[in-house]
Structure formats: C-alpha cells, structure tokens
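Common to both upcoming complexes is chain A, partnered first by chain B, then by chain C.
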Partner chain A sequence: MSATGRIEEHPILGPLPERSVVTFRFNGVPMQAYQGETIAAALLAAGIRTLRLHEEKGTPRGIYCNIGHCFECRVTVNGRTGIRACLTLVEEGMEITAGEILPTPLKKGGHPA
Partner chain B sequence: MTDVLIVGAGPAGLSAAATCARHGLSVRVVDEFMKPGGRLLGQLHEEPDGTWWNGIEEARRLYEQAVGLGASVACGVSVYDAARGEEGWVVSTTEGILEAPVLLLATGAAETALPLPGWTIPGVMSIGAAQVMTNVHRVRVGERGVIIGVNILAVAIARELQLAGIHVDRMVLPPRNPVTQEAASPYHVMQSLLRVAHLAPSAFIRYGSRLVKSDPLLRLAVRCYPAGGVKMWRMPIHLRTAAVEILGTSKVEGVRLARVSPDGEPLPGTEHDIPADFVCIAGGLHPLAELAAVAGCPFAYLPELGGHVPLHNERMETPLAGLYVAGNITGIESAKVAMAQGAVAGLAIAEHLGRLRDRTALADAIAHVKRVRRSATIQFHPEIGRGRADVERMFQEQGISGK
Partner chain C sequence: MDQGNIVICRCEEVTLKELIAAAETYRCSARELKLRTRAGMGCCGGRTCRRFIDMVARQATGEAPSHGIPLGYQPPVRPVAFGQLGGVIG
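This part shows the complex of A and B:
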C-alpha cells in the first residue's frame, strides 16, 4: 500500500461512494481522479505533494491549510495562473501545471528574465 | 432583489439563512469552498453520551433546511471586498458585484501558524488541512505523522486520523520562539490540556485534571512528566519534547526533536531525529475577520475570543448599520454555538427589516446561545464567558452609527 491514496472504508463515515473517473494532466502527465475531488486531493492521492516552486527561491511547496486561506497551493489551470488547488475541483481534460520560478531580473543574483 | 447577503455557508451562515428565509426574506449565501457546511464538514467527535457528531450529516441537514426554505446558496465564490454604498452593502466577489441592504459576515475561523525551520516542505500542513483531507476528501495524508502543537483541536483531529487508519506517531510541542510563546511552554500546555480531560479516555489525564486547581502540584507534574510521553488513544503526547526542525528537501522525511525544560528551553545535547512522511502544525484558531475590517467595522482585541474580533452585540449587530456577524468571526467556539448565533443574527435581521412579529423569539434565541455555550463538549477557551461579556460592554460604550 502506498503512503497516500484514498480512504475507501471508514468506521463511522462508511465506504467511499462510487464516483465516475475524470482524466486530467499535471505537468503534461496524464492522470486520473474521481468526479468531485479537488486538484490538491487528486494529486495527493496519486502521491504528488509538490504543487509549485517558490517564485523566487525555487523551493518546493504543497498544500498548507487545504481550505483556501494560505494560497500556498497555487497552480496554473488551463492557462490561468494563481488558482488554489485546494478549492478547485478537477474536471475532465484539465491542464494543470505547477507554479514555476519567475524571473527576478532586478534582484542581485536573481533569475534572468 | 436580495434582502440579505451572507458570506459563509458554515453552521452560522446556513442557520442565519434558514431563519431569514423563514421570515419571508430573500437570502443569498456565497462561499468559496466547493461544498456548503464550512468547517463543520471535517468534524467527527464522539459525544460524552457515546453518539457521534458527524459534521457531514449536520452540514447536509443545515443546507437542505436553508435551501428548502428558499435561500440560494452558491459555492466556489470568493468575496474580497465589502463597502457601504448609497442603498446598502456593495460586495465584490469572483463572480462580480452583489448588493444588499443587509450583509452578514459568517466567515468563521482560520488556523494560526507556528513557523519553525522546514515548515514549508511539502508534507507539512496545518492540522485542519489533515482533517479536511481525511474526513471530507477521504485521501490519506501519509503513513506516519507527527503533530507539532498540543491543544484541543490537535487532540480531536489526531483521534480522527487514527479512526481513518492513519498512524500518528506522537504529538510534541513547537520550539520556543516569539510566535509560539505559551504554545511552547510545557506548564501552560499542561494546564490547558487538563481542562479538556473529560474528552480523554486516559486515567493519567483524568487523574491529572484534579491537579489544575493546585499550582504547585501542576508544576510538579510538569517536572516529572514522563520522557516517553503520556498516551491518549495509544498515541504519546509529549510535553517535555519539542520539534526544533522539520527535515527533508522535496518532501518531509523526519522531525528533529529536543528535550525541553519545564519552561520550554531546549536542553543541549538532547537532539534526536525521528522518521515521518507528514507533519501537522497545530497553532490554534483565530477569527477570520478581514472582510469586517475592509468594511470599516471597529475591532476589539480579546484573547478569550481568539484575538481580534469585529465589535458586535449579543444581537449580532456591528456598529455599522446593516452589517451583522455570526459564528467564529465573533470568537472561537464550537459549531453548535455558531449555529445558535446564526439563528440570533437571522432574527435580528428579520426585526431590522420589519419582518419579526414575535419579539420574544429573539430574546429566547439569545438565551439559547448562552445555554449551548455552557453545555459545549469542546470549549476552546476557559474564559469564553468573560470575553463575551467584555465585547458586549465595549459595544454598548460605542453604540451603533447611522441608527
């Protein structure tokens, strides 16, 4: 059993209901999720924790609050940047890419444009 | 035309929506989460009588009630501004501008961060994030976790992770720094932990709850606290061990711990590393009140209520005409209190808009909030009653403008 994945059975909440499968791409790689899952949940279930690289430092970041408050989970969805993965449901055919390092040409020792 | 716009579809917002709709008002609720219910959704507690408080079921009941009475509830909509216009409140959302004569802010609470080295590594998350991932999304957060921060929410959620079959290795204190303060002091944490002893099936803790009343005994208990921690639901809770750093580069690999003095001072030479693939940070809750601030509402700072709260009275009115607040935005309490406050706000709004015939209903609802507060299973602050009295007094001193 992998470390992440879905909690199929729960002693109080019961079994996970049947849901249809949705196909999407993350950083160009085709992946599957279930209808009604957030991007963050679907990626974590697939073992992916890194959702972006810090815009300046390039260090990896994942979810922190999971409820829309911290904006740590920003990804690009179908070309739109700054989308919170923890609040956004995966949809069939979605193109999701992790946030990348941005150029900081004016900063000493920063990244070129 | 909307009479009442409500931000937040948690227990407070949904109860208020149902109450307003029942009084013939047209109500619109917006929430940025993808499901109605707010933080109720993740909650799963065993009540002292052995029944389960299942937040998903409670949220469904509240949602169906509000919608059944005619309220409209839109999810996936974020609100980022609220300003007083000519006719009422003008609210900016990700779906455009909404206007209504009455605005109720029921935005709930946010978790307080406890920064420490390594806390941005993927796999580190807030304790509430783990709760939502586990109970709402039903995705495992990892295989072996460490919880940093010992408080009532952490204890409740650790139990929920265990129920879902996720191993929490131990719970430790955060390192001492200017942000963590009392959360890093074994003495203060012991004191607050013993206050929630009734939730714990642990003889040690139950026995310990008698110590709270005697300060010297409490200090002795902290000095003698077992190095291996005290187990609650088979999970060791450490009060004399703190996390000093989270280890890993692209993902969490472990936690560096150190033994600490009874005051939370790390003891040199006691550092050791333990493996983990996820870490939860439990820094407690504070009211999520930014929208009240941008709307121009005056604030009060009351630690008993969780920090800065918009000034309000027991009818849930703020000093700004047509602006109401309910739920955890007014102070950190359990969902049942938030629901009761939502009903009060709904009745006060109905009265304000000339729709309340039975005046005693409002007084009864206010009395009900106090009863629910007194009988709450989970209390986030022992002096909540004093905080509530203080904010009421401060409101009366200030009065309502434009009325």
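This part shows the complex of A and C:
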C-alpha cells in the first residue's frame, strides 16, 4: 500500500488493524484497499476525491454527507448505477466507474450529444 | 462574494439568484418555485434545500398563502432505478 491517506497510527485508536488487501478497479485503474473499507474511503485514501461529475453542469462531486443521505457519492459499480460509495464496502474485483456529464443537446448552452 | 451565486439546491445546482428571479417574476408558492426551477427535485429529495425554497417563496410572496400547497415529501424516499422497478436489475 503506497503512502496513503490513511491514519496508520492513531493517538487514541492505536495502529490500523491487520486486514487483507482487496484489489478493485476505478475507471479501469487497478487500485488496492483494505477489506471492510467503503469505496469512498478507499478512493479518498488513494487521493481520489472526485467520484462523479454533475450530470448536467459537469461540476466535480464527491463525498458530502458520508452517511448515505445525499447521494453525492453515487458511482456505478459492476454496471449498476446509483450506488452510494459511502455505504458500499469494497470487494475483490469490483469495477467502479465515476459518473460523467450527460448530453443535454436540447438545452440552450447544453452539453452536446 | 455575490450572494446570488450561492447554490441553494446542491443536487440540481440552482442558485439563489435563479430562485429569487423566478419567485419575484411569477410570485410563486414554494411548490411552483420547485416546479419552475427544479430546486428540491434532486437526488437527496429536497433534504438540503426544502426550507430555503420555502423561505425564498415566502419572502417573494409576503406571508405564505393559506391555499399554498406545502412542499410535500414525494416518494420514493431514496432514488430507485427504473430497472429495479421493472425487476430487470436486482
């Protein structure tokens, strides 16, 4: 595990527990995380904060409430859309893809098809 | 910072400017404001911006009209894909 965003040595909680490593892919890039981490935490530890682009305006979006209310962290997991990264645990061989801006050709100044 | 640029509805990226403009042009209730600007129709179901839309509407139309339909809580509580409804995906 590269120098990650994880707190390896917590002053109160102590060192991180021993956990097996899980390999998954985010936008085709193979990545690693510990068993039991959520997708949002695993990507944040790898320095990735943009989980999707706003469907209409393309603004980068990521973790917001982190407790499953706001859906800002929704990603596509193994082909299924609208999966909340903050609630879903990382599993071996997961295919995660970030949300893209969607075409709005009919809207004035919209994103072309 | 220009107050108008504050994003009120995060899910649909509706700014305060747009809300106030719609509210004053059409003097609309909260529900109409929602229908006109899509504020409150986003994935979080209006959790963040419902109260602000009510406030903007009340500010534009003076006291909230008695006949005004309050900004209701529309099902589904969580976004559901059509595939799930149709049983296509689990």
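Operating definition for what follows: the second predicted complex is superposed on the first by the 107 of 113 C-alpha atoms of A that agree within 3 Å, B and C clash if a C-alpha of one lies under 4 Å from a C-alpha of the other, contacts with A are read in each partner's own complex, and residues count from 1 in each chain.
In the analysis below, a residue touches a chain if its C-beta (ideal position, glycine included) is under 8 Å from a C-beta of that chain, and two chains touch if they have at least 3 such contacts.
This structure is a prediction, so every number in the text was calculated from the model and none was measured.
In the superposition on chain A, A:38 makes contact with chain B only, while chain C stays out of contact range. In the superposition on chain A, A:107 contacts neither chain B nor chain C. Legend: residue contacts after superposition of the two complexes on their common chain; A:49 is shown touching chain B, with no touch to chain C. In the superposed pair of complexes, A:59 makes contact with chain B and with chain C alike.
Once the two complexes are overlaid on the shared chain, A:81 sits against chain C while remaining clear of chain B.
Of the two partner chains placed around the shared chain by superposition, chain B is the only one that A:12 touches, whereas chain C remains out of contact.
When both complexes are aligned on chain A by C-alpha atoms, chain A residues 54, 59, 64, 69-70, 72 touch chain B in the first and chain C in the second. Across the complex, chain A is touched by residues 10-13, 43-44, 47-48, 79, 81, 89 of chain C.
Considering their complex, residues 32-34, 39, 44, 52, 54, 56, 76, 78, 110-111, 120-126, 128-130, 132-135, 137-143, 163-165, 249-251, 277, 288 of chain B touch chain A. Of all the residues in chain A, the ones that touch chain B in their complex are 3-8, 10-13, 16, 37-38, 41, 44-45, 49-51, 54, 59-70, 72, 86-89. Listed in rising order, the residues of chain A touching chain C in the complex are 54, 56-57, 59, 64, 69-72, 74, 80-82.
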